[in-house]
Structure formats: C-alpha cells, structure tokens
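For reference, chains read A, B, C, D, E and F in written order, and residue numbers begin at 1 within each chain.
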Amino acid sequence: MSVMNTTRLSITETIADGRITFFRLPHLRDAGQADAVLYGVPFDSGTTYRPGARFGPYGVRRASLSLGSCDHTGNDVFAGMRVADGGNLVCVPFDVGTAHVQIEQQAHQAFTGGAVPLFVGGDHSCSLPILRAAADAHGPLAVIHFDAHSDTSSAAHWGIDKHHGTVFRNAIEEGHIDPKRFVQLGLRGPFGEPDPHAFTRGKGGIVFEAHEYNDALTFLQSLPTAWGSHPVYVSIDIDVIDPAFAPGTGTPVSGGWTPREMFAAIRALRGIRLVGGDVMEVAPDYDHADITSLCAAHLLFELLTLLPHRAASNS
Amino acid sequence: MSVMNTTRLSITETIADGRITFFRLPHLRDAGQADAVLYGVPFDSGTTYRPGARFGPYGVRRASLSLGSCDHTGNDVFAGMRVADGGNLVCVPFDVGTAHVQIEQQAHQAFTGGAVPLFVGGDHSCSLPILRAAADAHGPLAVIHFDAHSDTSSAAHWGIDKHHGTVFRNAIEEGHIDPKRFVQLGLRGPFGEPDPHAFTRGKGGIVFEAHEYNDALTFLQSLPTAWGSHPVYVSIDIDVIDPAFAPGTGTPVSGGWTPREMFAAIRALRGIRLVGGDVMEVAPDYDHADITSLCAAHLLFELLTLLPHRAASNS
Amino acid sequence: MSVMNTTRLSITETIADGRITFFRLPHLRDAGQADAVLYGVPFDSGTTYRPGARFGPYGVRRASLSLGSCDHTGNDVFAGMRVADGGNLVCVPFDVGTAHVQIEQQAHQAFTGGAVPLFVGGDHSCSLPILRAAADAHGPLAVIHFDAHSDTSSAAHWGIDKHHGTVFRNAIEEGHIDPKRFVQLGLRGPFGEPDPHAFTRGKGGIVFEAHEYNDALTFLQSLPTAWGSHPVYVSIDIDVIDPAFAPGTGTPVSGGWTPREMFAAIRALRGIRLVGGDVMEVAPDYDHADITSLCAAHLLFELLTLLPHRAASNS
Amino acid sequence: MSVMNTTRLSITETIADGRITFFRLPHLRDAGQADAVLYGVPFDSGTTYRPGARFGPYGVRRASLSLGSCDHTGNDVFAGMRVADGGNLVCVPFDVGTAHVQIEQQAHQAFTGGAVPLFVGGDHSCSLPILRAAADAHGPLAVIHFDAHSDTSSAAHWGIDKHHGTVFRNAIEEGHIDPKRFVQLGLRGPFGEPDPHAFTRGKGGIVFEAHEYNDALTFLQSLPTAWGSHPVYVSIDIDVIDPAFAPGTGTPVSGGWTPREMFAAIRALRGIRLVGGDVMEVAPDYDHADITSLCAAHLLFELLTLLPHRAASNS
Amino acid sequence: MSVMNTTRLSITETIADGRITFFRLPHLRDAGQADAVLYGVPFDSGTTYRPGARFGPYGVRRASLSLGSCDHTGNDVFAGMRVADGGNLVCVPFDVGTAHVQIEQQAHQAFTGGAVPLFVGGDHSCSLPILRAAADAHGPLAVIHFDAHSDTSSAAHWGIDKHHGTVFRNAIEEGHIDPKRFVQLGLRGPFGEPDPHAFTRGKGGIVFEAHEYNDALTFLQSLPTAWGSHPVYVSIDIDVIDPAFAPGTGTPVSGGWTPREMFAAIRALRGIRLVGGDVMEVAPDYDHADITSLCAAHLLFELLTLLPHRAASNS
Amino acid sequence: MSVMNTTRLSITETIADGRITFFRLPHLRDAGQADAVLYGVPFDSGTTYRPGARFGPYGVRRASLSLGSCDHTGNDVFAGMRVADGGNLVCVPFDVGTAHVQIEQQAHQAFTGGAVPLFVGGDHSCSLPILRAAADAHGPLAVIHFDAHSDTSSAAHWGIDKHHGTVFRNAIEEGHIDPKRFVQLGLRGPFGEPDPHAFTRGKGGIVFEAHEYNDALTFLQSLPTAWGSHPVYVSIDIDVIDPAFAPGTGTPVSGGWTPREMFAAIRALRGIRLVGGDVMEVAPDYDHADITSLCAAHLLFELLTLLPHRAASNS
C-alpha cells in the first residue's frame, strides 16, 4: 500500500472548517489518490413503506464525526490506508429507473478508480446499479447480505420489478453475483410466503434467519478460508439490527440482531478480499438521538477494518 | 340536491368499527351515490426535499375524526349533502410518470361519477393528473392556488419536468387551467429567481405574496361574483401555512399564513362553483401532536362548506 | 394586605433544594398563611380523546421556574402578596365520580382557607367540583371561560354526563354559576351541532367565537366596571390557544388565539374581583420543548396579576 | 377446520380501501364466520401512571399492515384458518367499573361466537372482564402471564381494587383462573414488597423473574404436554419487553426481555389449547418510529401461530 | 462592489459535494475575497438554562440549503455581492472566559478582513467578544437588539458576570456600543425586576416590549435616516420569535413575535450601514422539523439583504 | 445501624406534596440523620459533544418515583437503612474550574457527614471533585468504573485537561485512586488511539472492553473477597449501556451492555465496602419516554443494594 498522504482532521480542525465529511476524512477533491473512498447515495424512491433514506448519508456523516480511528485490536484504520469522502452520487429523486442509470455510471467510476468504494444509502434498490458496476470491474461477486428481508421478491406486488425489495433477485439474474457464494443473514418473518428462501436456495445460496445467529457466526468465520481471494461485496441493510437499536429505517422488523452481534459478525470476516460494500436504509428522520446513524457509522467503520487485511490477497 | 341516504358515524360507532374514514363518513363502497367524495393520494416520489406525504391521507383521516359537522354559520355540512370516503387512489411509489398515469385514470372516474371530488395528498405533483382529469370533465378551470411556492418551475433544476415544483406550469401549458382565472396566494421567498412570478403573470394570472394577505383576502371576496358559474378548482399546499402551525410537510418556508387567515380566505370564496379541490403535502411523520393533520382536516372541511353554496350556480 | 413572610426562592436556592414548586414559591406546608395558593389537579380520566393532563401540574411547575416576578407594568406579583404552592389535590385516576368527590372536598378547604386558590389541571372535568366548592364559599359565580369548546354538552355522546365536555352545563344547572355573568370565549368549530351556543345563550350567557377576538377583547374590558365586586372565577382551557403554541393538550382545535392575544385578554380584566381560577388540559407528553407548559405558566402568572387589583373590592 | 372464505387483502387493495384492519384482514362484518377474531380494547383509565393505551388498538392495526402471513416454519397463518378483525369493544373512558361491565358483555359474545378471540389493549385492567367471559365459556383457565409486574396487588395503594395492577388477584379470587395452572413470567423489581410473589405462589402458581429467562423457557416447553387440552389463555403485557424495544407503554421497567426471547417463549407453547389471549398496554404516543406497535403486532402474530396446532386438542 | 467571482452551488452540485455550507455558498478557503462572510460560533457554555446552541451553526447551515437567493423585491443577494461561508470560530466548550478570548481573536480577523461578517450562534454571550472586535474595527456601534430578554443583568444571580444574560451590559460598560444608539426590541416578561429596562434607558437606549410591535416597527423605519452612515450591528436572539415558531432555543418565552413581524422589522432597516450582525441561541436539538433553523436561516438572509443597500453610505 | 426514622412517602403522599425527590425519599432537610444520601449534580459544561446532563438529576428523580423498595432477594433497601434526598450540589454552569471548586466543597461535606453519598450527574467531569472529597475522607479509593470511554485522555485534544474525558487520569495522578484497585469496564471503540488502555494498565489498573462481558462479570465477582474492607467507589457513566437502552446521554457509543448485564454486574459486587458512587451523563432531553432515566434510577437503586451488605465490613 502506498505512502500515506491524506490525514484525518482533528475535532478542532473539523469545527473550524464547518463542513462535515465521513469520519472527518479529507474530501476526495482534496485527497488526490485514496485506497478506499466512502460515498453517499441519497436516494429513496425505491422504498415501499417509510421513505427518508435519502438523508442517510447526511446522518451517517454527522454521526461518524465522533468515532475514533482504531479498532479493538489496535489497528488504526485511517493510518494504515488512505481513506477519503467521495461526496454523494447524484441522481433524480423521481424515478427509480433514471436514478439507477445515474448511480451505475458514477459507481462505475468508483470501482475503476483504484480504490475500494463503500456506499452509504439510501434505499437498498441502489445496491443494484452498484453491484452492476462492481461486477463489471471484478466479475461475479461473492456477496454477504445482512438484512431483515431477503430482497428477492419480484414484480408481483407492485407490477414493477426494480425497487428495494427486488435487488438481489435482479443482481443474481443479471449475473453480478455468484449465487454459490451468496449468503443472506438475519432474515426474519412473518414472511410473505411459506418458502421465503426458495429463490436464494434454488440458486445455491445460503440463508441464516435471525434466530440462527450462532450458526451464522460460525459460518462467517469459515469464509475467509473458503473464499480465498475471491472478490467479496458486503451489503448491510441497517434493518438487520433490531429496531430498538436502529429505529431510523424504512421497514423495521422486530426481533433483529444487536450491534454487538453484528460487529462480531463482520469481524469474523477478516481475511476476505473486500472489493466493495454498503450500509443502506438509514433514515435519520425516524431516528432518535442519532442512535441509528451512530450504529451505521460503526458498521461502516467495521467494514473498513476488513480492508487492511486484504493486503495479502491483492498485493 | 337529492335525499340524504348516507349518515356520518357517531364516535362510538367509529370506535366499534375500528376503521377510520375521513370525518367518520361512510365508505363509498357502502354509500352508493354521493354528492362529494374525499380521496387520498398516498404518493410522494415527486418530492424534492423531505418525503413522507404518502402518509398524508392516513394522518388527515385520523385527525378528521374529532371534527364536528357544522360550520360557524350553523350549516351542517354532512346533513346538507351526501359525502363519502372514496378510499385512496392507488399508484406505484417508484416512478412519477407511471404513478401519474394511474392517478389520472382514477381521477377521471372521480370527476365523471356525479360527485365533487376532493383530494388529500400526497405531494403536489399529484395535482397535475388530477387537473388533467378535472379539465377533461369541465374544460379549462379557474384555479385558486394557496402555497408557499409557485410550483411553476421547469426541468432546469433536475432535468425532469414532472415533479412537485412544476405542476402549475405543466397544467397551464397543457391547457387545463384558464390562465386568466389563475390565482396564486401565499407565495414567499427567498425566491430562486429575481422575477419568480414571471410565468404566472405572463400568462395573465394573479399572484399575492404572503406579506400581502389583506389585499389577497379582498381579492378573494370578489371572485364569487367575478367568476359566476365558471368551474373552480382550489388547490391548497399545506405549506402556505407557517411551519409553526404545519410542521408536517416536505418543504416548509418560514413566514406563512395562520390557520385563521386561511379559514377566512376560504370562507371568502362562498358562492364560487367548486368542482374539485385538494389539500396536499401533508407529511405526518414530520408533524407534532397531529397539529398539521388537524389543520389540514379543518381546511378540507372548509372546502366542503363551499359546496352547499354552489346550489344556486349549478342548479 | 398583610406583611410579607413568604419569599420566592432564588434560582440557586431552587437548584440546591432539588424540588420544584410553582414559580419557585414556598410550599404551603412551610409558608403558613398565604394570600393565594396554587394547586395541581393531576387527573385526566374525564378526557374523551388524548389523556395525559394528569401530568399538567408537573409540567407547569417545571416551566414556571424560569419565569420572573414582575408584570409589564412593573408590579412584582410575589412581593405584593404571599403566594404558595399548595401541592396537588389527590384523587383516584380510575373513576370520574369518585375523583370529583375527592377533589371537591379538598377544593372546599382551599376556598375556605383565606387565600385565593388557583388550579392547574388536569382535565376540564375537574373544574366542576372546584366550582362547587367555590360557589359554596362565594355563592353563584361570574365565570369567564376561555376554551376551544363550549363544554356544555350532555350525556348524549357517552351515556355519562360527567366528563370534560359537560362541566359548564353541569355547573350552571347545579347553580354554581350566575348564567347572566357567564362568558365563553375562543370557541370554534367545526361544531357538533348547528346551534352550539344554544345552551349558554338560552341561560343568558355570552359567547365569542375565536374569529371574534376584537369584539371579545372590547367586551372583557367592560367587565371590571360592569361586574364590580361580584366574585369572579376565570377558567382557561389551554386549547383556547392555537395548537401551534400549545400542542400539549388533549383535544386541540386549529384556528385558536395566540398567547399575546390571551395575555391581552386577561390584562383587560384588571379590576375584577377574582376569587379563583384555573388553567386546565395541559398534557406535557404531547408538548414539544415545553412550549405549552411555558405558555400555561405564563397564563397562570397573568391570573395572579389580577389579584393585587382586587384590594379595592375586597378590603 | 372449515373451507376458507375470508382472504387477507393485498397491500394495494388495502391502499385502495383506505381503511386499516389488523393484518389487512377482512372486517368481521364482511367476513361472516371466522376461526379467530382480533378485537381492540381502547380503554386506559385503569392506568396508574402514563395513560395512552386507549390508542393501542389503533397503533397495532397500523403496524400490522407490514407483516407477512407465514411463520418461520413455513406455516401460512391466514391460509390455515379464517381470521377477521372484529373491530373494537366499546366502553366509556371515564370509569373502570362501567367500562368493565361493557367490556365483559362484548367479550362474552366474542367467546361464545365460535371463534378464538384475541384482544389488543388497552390497559391490563381490561383483561379482568375478558377473563370473566372466557371462564364463563370455558371454565377456570390455565393462564400464562407475561409482564414486568405481577398485577396481583390489592386496594391498598389507591383504595380501589379494580385497576391495571390488580387484575390477576381479582381473576383468581373470582375463580376464573385455575391457580395451579397460573404462570407469571418476566416480573422484575425493584418490587413494592419483600415477597412480591406471595399471592401467586400461595395460590399454587409459578413465577419466573426476568433474570430467570432460561429456566422460564424450559418450563414453557413442558406445558403443551403437561396441560394437554386444558383451555389456556395467554396474557402479554408489552412491558415484559425491555423499554428499549417497547418504550410505548405506561409503566416501563428496565431490564426486560428482548423480542427474540419473547418470540421463542411463545413458540415454546405450540401444542397448548389456546382459547383466548391478549397483548396489552401498548401506548403508541410514547412509542418511537412505531417500534412498540411493530413488536406488539409481531407478538399477536405469534399468538395466532399457536392456533393451527390446537386442531388435535379441540377437534 | 467588485466583480463577482464566487458562485453559489446548485442543489445538485451541493449533493455531489456532500458537504454543507451556509446557503450552498463557497467556503472562504476556496472563495478568496468576499464582501460578506458567514461564521458559525458553536459555543453554549454561557447558557443559564437549556444548552445546545453549540449545534446552532450546524442546524442553520443545513436549513439554509433550501432557501433561494432573491428577496421579495427581486434582489438576488448572492449575485449582487460575494458571500462566503467562513466556517466556525473555534473555542473550548468548558469555560466562557477562555472561549471569549478565542472568539474575540478570530472575530477580530473577521472584522478586519474587508468583508462584513455575520455570525450564527451559539449562545448570546458570544456576542460580547464579537462586539469587542467590531468596535475595535469601527468604533462604538449603533446596535439593534432583538430578544425576549434584555441581557443586561449583572453578576447578581450567578456570581459571574460573563454569560448569555449579561452581554449588553458588558458591551455598553466596555464602550463598544453607543448607548444613545442602542435599541432593544421584543423584550417581555414576567420580568425579574420591577424596572427591567432601567439599565438601558439609564444609558440613553430605547426599549420596545413585545406587545409594542407597531410602535417598534415605526421606530425602526426611522433609523436609516436618523443614523445615516453610522456603523450598525444587528443582534438577533432567536427567542425574540414566539416559541411556537422557534422552539429550538434555550430560554424560550411565550408571547413573542412572528417570523412575518420580524421579517418586516428587518426590512424596515434598509438603508442603515450594517457592519456586522448575528443570529444567536439556535438550539437544534430542541427544534422540531427544522422550523427554528429554517426561521433562523431566513433571518440571516434578511440581514444579508441589508448589505447591498449600504453601497450609498460606505462607498 | 440506627433505628429507622425516615420513611419513604407513598405514591399518594408524593402526589399530595407535589414535589419530587429521589425514590420519594424524605428531603435531607426534614430527615435529620441518614445512612445514605442521594445528591444531584446539575452541571454539564465539561461535555465535549452533546450537553444536557445538567438535567440528569431532574430526570432521574422523576423516573425514580415509580420504583419499588425491594430487590430481587427480598431486601427492602429503604427499610434497612435511612436514605434521604440531599438536593443538588450548586455550581455555576459557565466554567469547569469554578464549578469543580464548588462541587468539591459540597462533596466534602457529604463525605464527612456520616452517610454514604451517591451522586447523579451531570457530566463525568464532576466525578473528579467528588473523588477528591472521597479520597480526602477515606484515603485512596478502589474504583470500579463502568463507561464506554476510558476518560483518561489528556489536554491534547482541547488544550485543557479538566473535562469529562480526563477525569480518571486526573484522579489517579492526583492520588485519589489506588491504581492497583482501579477497574474499567465496558469500554469500546472505535478508539482514538491504538493503545487506548495504556494509561490505566501502565498504572496497574485493569480494563475489560464491552465485548468481554463474561470475563468482566467473573472478575467482578472476585472483588468482594479480594478487596475486603477497602473503601470502594463505583462510578457509572450511563453510556456503558447501549444507546438503544440509554439514548439520553451526551456521547453514546454503539455496542454497549444491556441493563440486565449491568444489574448482574453490580449485584456481583455485594460484599464490597461501598463508600460512595455515582451515575453520570444522564441527559433527559435526548431521552425517549424516560427510558434512560428509568434505567439510571434502577442503577442507582442497585448501588443502594450494595450498602446493607457493608454492615460487616464497617461495623
């Protein structure tokens, strides 16, 4: 990894500037080259229930100001690599189709610019154009998907098959995900159909429901070895977390995982080759005292801690 | 007017039923024929800033439960005519274009069913397909438009010209509004351009800014005589009201009118021939203690009080 | 008036004590004799819609801490007379009938103890047992009633005629109010019946609706002269104020008066012989940033400013 | 079980209708016969602390819209039996005694109508008249009671022994509960007395405190066998859940169970013969982002999943 | 005025950047020279009651994004002069004394840099070091002070005389304000002392209480002529506005002015020579739906509209 | 222990009084002598992020009203010893240094008055003057510190070394804590530096991070034996609890402990010789539905349960 030339701002420098970036990082415009770049995706018209995730990037930027740089193993994430705030992807709020074209174009640049991009949403439908761009750069991806919902439904409900409940069906059918390396975790009912995991399992994917946390954790621990240097994308819908910890989201479901469980789940992945990821569905106007945004920022930080460990696999 | 055969439920009847309709009115499915029908339009993907107006019909229905039947002149609105809750217009939340087609079809039925329809939104973009249907039934309409914004902007900002900020430009350019009988009231800055009323005034319309309330009221009082039996549509964006009274909306602007001022403004219109109307942009999740929904329900009630007075003009 | 022996606590004395009283006043237990005593009435099971006024005394005590002692004429209310916090009237929350018996007994003591009692509620039904006690001490009272609602309905709606919507019908029918000296102000619709003021006007009382503020103010200014030393009770339902200023209440109605209008209305009464009063229906859990409680405390203060002026009439 | 003739509405059908029922179920008025009926009990004047549970049925209906039909075993609850929304029980809000008579009469109809009734409250005092009606239909009931509080106190505190803290003492003393088949779970302190379980244990009942979750779960798993076809009533006070997950309630107590723990606890009961049940004390105005109502709807769903399993025991 | 070389960002440019500045203005670091600069002052430890104004600059920046550029006369404020966001003044949150030294140093730079500085607070105590710097640059200032409180109290209450309630006493006693050109408006009680305006009037200043709005407006209209080119500083405590419109503040007082009244008051000043100003005491965490921040941003905009008019007096 | 002469008030006595004390206890002014005294510390200007802990004592007093007297072992805490509410320590809100002098003086009286004092804050910086007073009375203390943060940072960040992030560094360096008997628990990242526990461990102290709960609990269980009668101070920053359970605090960190885990942790300490303690950083204005204050009151109660067990060690 190259020599460090971007430095995180101190608290007082951030106050003086008056502008807010993810983790007080330099803006990509000022940073030049980076190893990882954080982007916001302020779009939510793919939402079926409560909208508001368009403000997710805003909320997570703010909450991330108060987080430190070092993980529980003593690793200084921002010292070990150059991370920058890439601003937001710009898209119209009126039309999922048009927005996805705009997002895909900008995501394409992100995946081909030499840095690992991580995205903060925004409704989960945005992960479809992002996965298109990711697969274009890396080939079919291994995907680890944390969510309360499978997001593999079809056009049956709304007559339209591009929204936040269909993203992984589309991504698999379009070939962006290697369905044998597709893991869904945290799903929980009451489900809309008797066999809610039929699509994923039919394609060869693996599902762990919320009540199967212990098994899920064990499985995740096996992935760094099992998957080796295969490129991995981690997609986190904040509603995988129980609404008590993450009320600020559009389609909350009771009975989710705790932040501690999620942090352990991500830490279990150390050693995978992460080429991209996202934290989606953060809707700050349904949040209270910023607890959802804080949790989302923390999850984003945990994703960043996976990156220094990729050195072996991609050097 | 025909014999009354629909009766508003009492409070205890409403409690027993457990379901909520506008003003505890019978549902159109049970009511048979009606003189006026209230519809919800749960759509908000035409919103440029804070979404959430998709829940407006829900909030206004609930708040309307506590309102009585009689105006300050002793007129029992629901005794003098048959009013029903027509449910909601159904449309996809993902795409303004598709949704507007769906809304227009259903609004067409509403305007040709023999009753005066009133709509509760929902973002203001929905008024475009409604006005299309209204003009299809009645010809170019006189329109009285209460709003903080002119909603006459173009595709310049977003590259798309169908959203909640362009509805009246489109409605005029498409010929649904008689521009000489187009009145905008309550508009206020800071404006996006030096001559924000150029479009409306250029077409022959009239504008009163928020600080011109007294002149506006006087002008409104002249309209029943001036316009005679010309069909009139009244469109109220709840943000014409100051955010203190109506925080539950997507693009609030400081310095608006009070509810008392708005009630007086609507009462000044008694004698016009109202053929349709709407109360839009109610976003209950930004509301506090239901005050916005209560105000919106009250405005809807005031619109209903205009209807018995149309007897003279349309009998 | 007697020598002052009760002193309001300073801010730092209040902090040191850690306990909260109305206006940082001494508790009646410590104060000995007083000229006016403020009581809470933490009861709300007479509420037809949103309960929570049981916490009104709590909210108003807290908000009152920040208010000064002197009115706009330079009169130091707490220097000119001895005012104390009398604690709360105690009653069961489960049953209006039992509670009213308990309230009446305690209110009787308050009215016969030599001080003018003012009450903070609590739902408006509590004013009935208070008025019973007041009339027992003073004979039929002149009553000035500020409210969004007439509170003169009957058992028709609920099959029970003792709740917060029937208090003034009962008080008049029981003879506690002189109906010729009964004034209702701020009432507004949509009303439940075509002639909502029939009861009051039929008894000889006077009604000003919310849209008649100017006439109401002029009328109030005439009362000190008109009524001379007749004992007066002022009852303020906080919902006379528009919900924007007082969201923290159970049955808010759009289109109410502003605090400035209400302060002017009370100040117009200087010279009446106030023998008791109340500020009711404050429900802090529906409030935001304490604005309702602050307004209620201010109204209570304005009631207190009427007292020094009674010197002439009752000395 | 008879042929299915009631179908749950789709999301778009629900939007079109505009009215809200539990789980988008048909209203009992339209459904004809049903196997299970869900009733609201909008009453809260039996509350000792924060009122507001009168709006519980309203909140749970709304939150239940977004829940699916199938449990984690693939069972479609609404396909396997006919479930309907029975509306609300109607009662006066002013008086626990009168309300309980009204509730009991309506509950009696519910228990003798051929369907299993489940109730959503409303304060826990309402479970007393419901249990009276249930025992009238089924004889003394086995009762599983989840709660933070024992609800076995007496008239000692308030001088009245019918309120939300005395319901199970009364139900046992009146003979509606078989005290040997009475289980209380989730109770926690600080308690009001040194031996808070004396009453229940003295009658032969069993208590598990909140910190004894594992033992409680094991015990629950033994009940389907132990109790065979004895009729069982399950009463859930939402405050058994920790306030982080269920802030919307009247008397929250720190240290409660998680939704996942509660779901597992109910699932452990599969095989009991459920003849009725309730989810009580949901107070939406203290909720945030609907998380309490969502959890309550989910608990109600879990109760429904117990019903198809009763086939063996009551056929 | 010099050639324009700083351009406000469009909405989409702002979204793309992801960082937020006042009114989407360029940051001073990028702007080079400017005619006016907006600074945040994120300090609130001078607060006697509810803290939180440290987040005022943050809230006002965000709310200002949605405001246009043109006032009601068609003047494009940001076209007519170069305005920039100067970031925040940096100071420690632990100690008013140290913070004021830090603020004064940075304010000194602001006042001597060739642009008119406007400040967004932050508690009102910060106006003292700002006024020191302003007077150092311009000599004793004419000051127009809008507030609910006089802020002329002394060390009597807290034993310390530098806090948000003493700023104008200190500024006058230190000679930074010309006491004959000192106007206080919007003050209201209950006051802490019988003659609350003694200090100001004793120095030759003028006071208008909240209930004297009409007189105040007339007086303000006279100032442009009366004061000619004398340098003027306008200090606005957001609590001059009624808490209904501005709940997000530390010491709200019922009975304040409306935004429309305040906008008219500022517009009356057109023609004065504004050399600095502030909008203070915005505490977003007590706000609801951003209405206070929106109002504050609007007031800041109105202050900016005073600047183009100074051309005549200072060219 | 001496004969009991202070009795906790009943609920109805508390309502009658109208004033609120911790756990409805008698005020120290009325109680005479006590075995334990609870003090509020309403100060928060040592806060680096969200202020508001000045209202912590207020919030905890209110929430504590609803708690019982008996722990899960049947011990009646308030029967077994005399506990009183000592009111608040008074200090200026403008300056950490001055406030700490004031706090230390009052804490000195508390520690030398014969009762065990427990404090409710207030920001954590207040624990420094309290620890000074405690060590002055008892010598260097064993300290058990529950927190999300180590609070051992230096002047590096702000140029000032007395604030809520430096308290334990200062207390150790000043000699008030026996560093070999210093335990920190619940700490979690992302940390500000690679070796965040260097200071504590360098002094001989012990640290358990949040993810090490089980080890921490085992260690705590060893302390009563290991420490014997050494005087112990327990300091609880409410943010040791996850923000879902305790949103009402200034610097929340995702991934904290649950209340049940914390209650078990405190109960593990039974047998230590507690000479003082605190529950700090409760900021009610960021709370929801009082859940943070309820949890804090419960923690305070658990601290009290440690006291009767000290009989053996200090008799």
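By our rule, contacts are C-beta pairs under 8 Å (C-beta built on N, C-alpha and C of every residue); 3 or more make two chains touch, one makes a residue touch a chain.
Note that the structure is a prediction, hence the values are computed from the model and not measured.
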Task: Walk from chain D over to chain E along touching chains and report the minimum step count.
output: 2
Field: Rotation angle superposing chain B onto its copy chain E by C-alpha atoms, nearest 5 degrees
entry: 120
Statement: Note: among E-F, B-E or C-D, over half of the C-E contact pairs reappear in B-E
Query: Among the chains, which has its CA centre at the largest distance from chain D's?
result: E
Statement: In terms of CA centroids, furthest away from chain F sits chain B
- request: Round to the nearest whole Å and give the separation of the Cα centres of chain C and chain F.
  value: 42
Field: For chain B paired with chain F, centre-to-centre distance based on mean C-alpha positions, whole Å
entry: 56
Query: Out of chain E, which residues touch more than one other chain, so two or more?
result: 12, 48, 158, 242, 244-245, 286, 288
Field: Chains that touch, pairwise
entry: A-B, A-D, A-E, A-F, B-C, B-D, B-E, C-D, C-E, C-F, D-F, E-F
- line: Listed in rising order, chain B residues that touch chain E in their complex are 48-49, 157-158, 188-196, 209-211, 242-245, 247-248, 251-255, 286-288
- request: Under the touch definition given earlier, write down the residues of chain B that touch chain A in their complex.
  value: 44-48, 50-52, 54, 92-98, 158-160, 162-163, 285-286
Field: Residue ranges of chain B in contact with chain C within the complex
entry: 10-12, 66-72, 74-77, 242, 244-245, 258-260, 263-264, 288-291, 294-295, 298, 301
- prompt: Once bound in the complex, which stretches of chain A touch chain E?
  reply: 12, 15-21, 27, 29, 40, 42, 57-58, 61-62, 85-88, 90
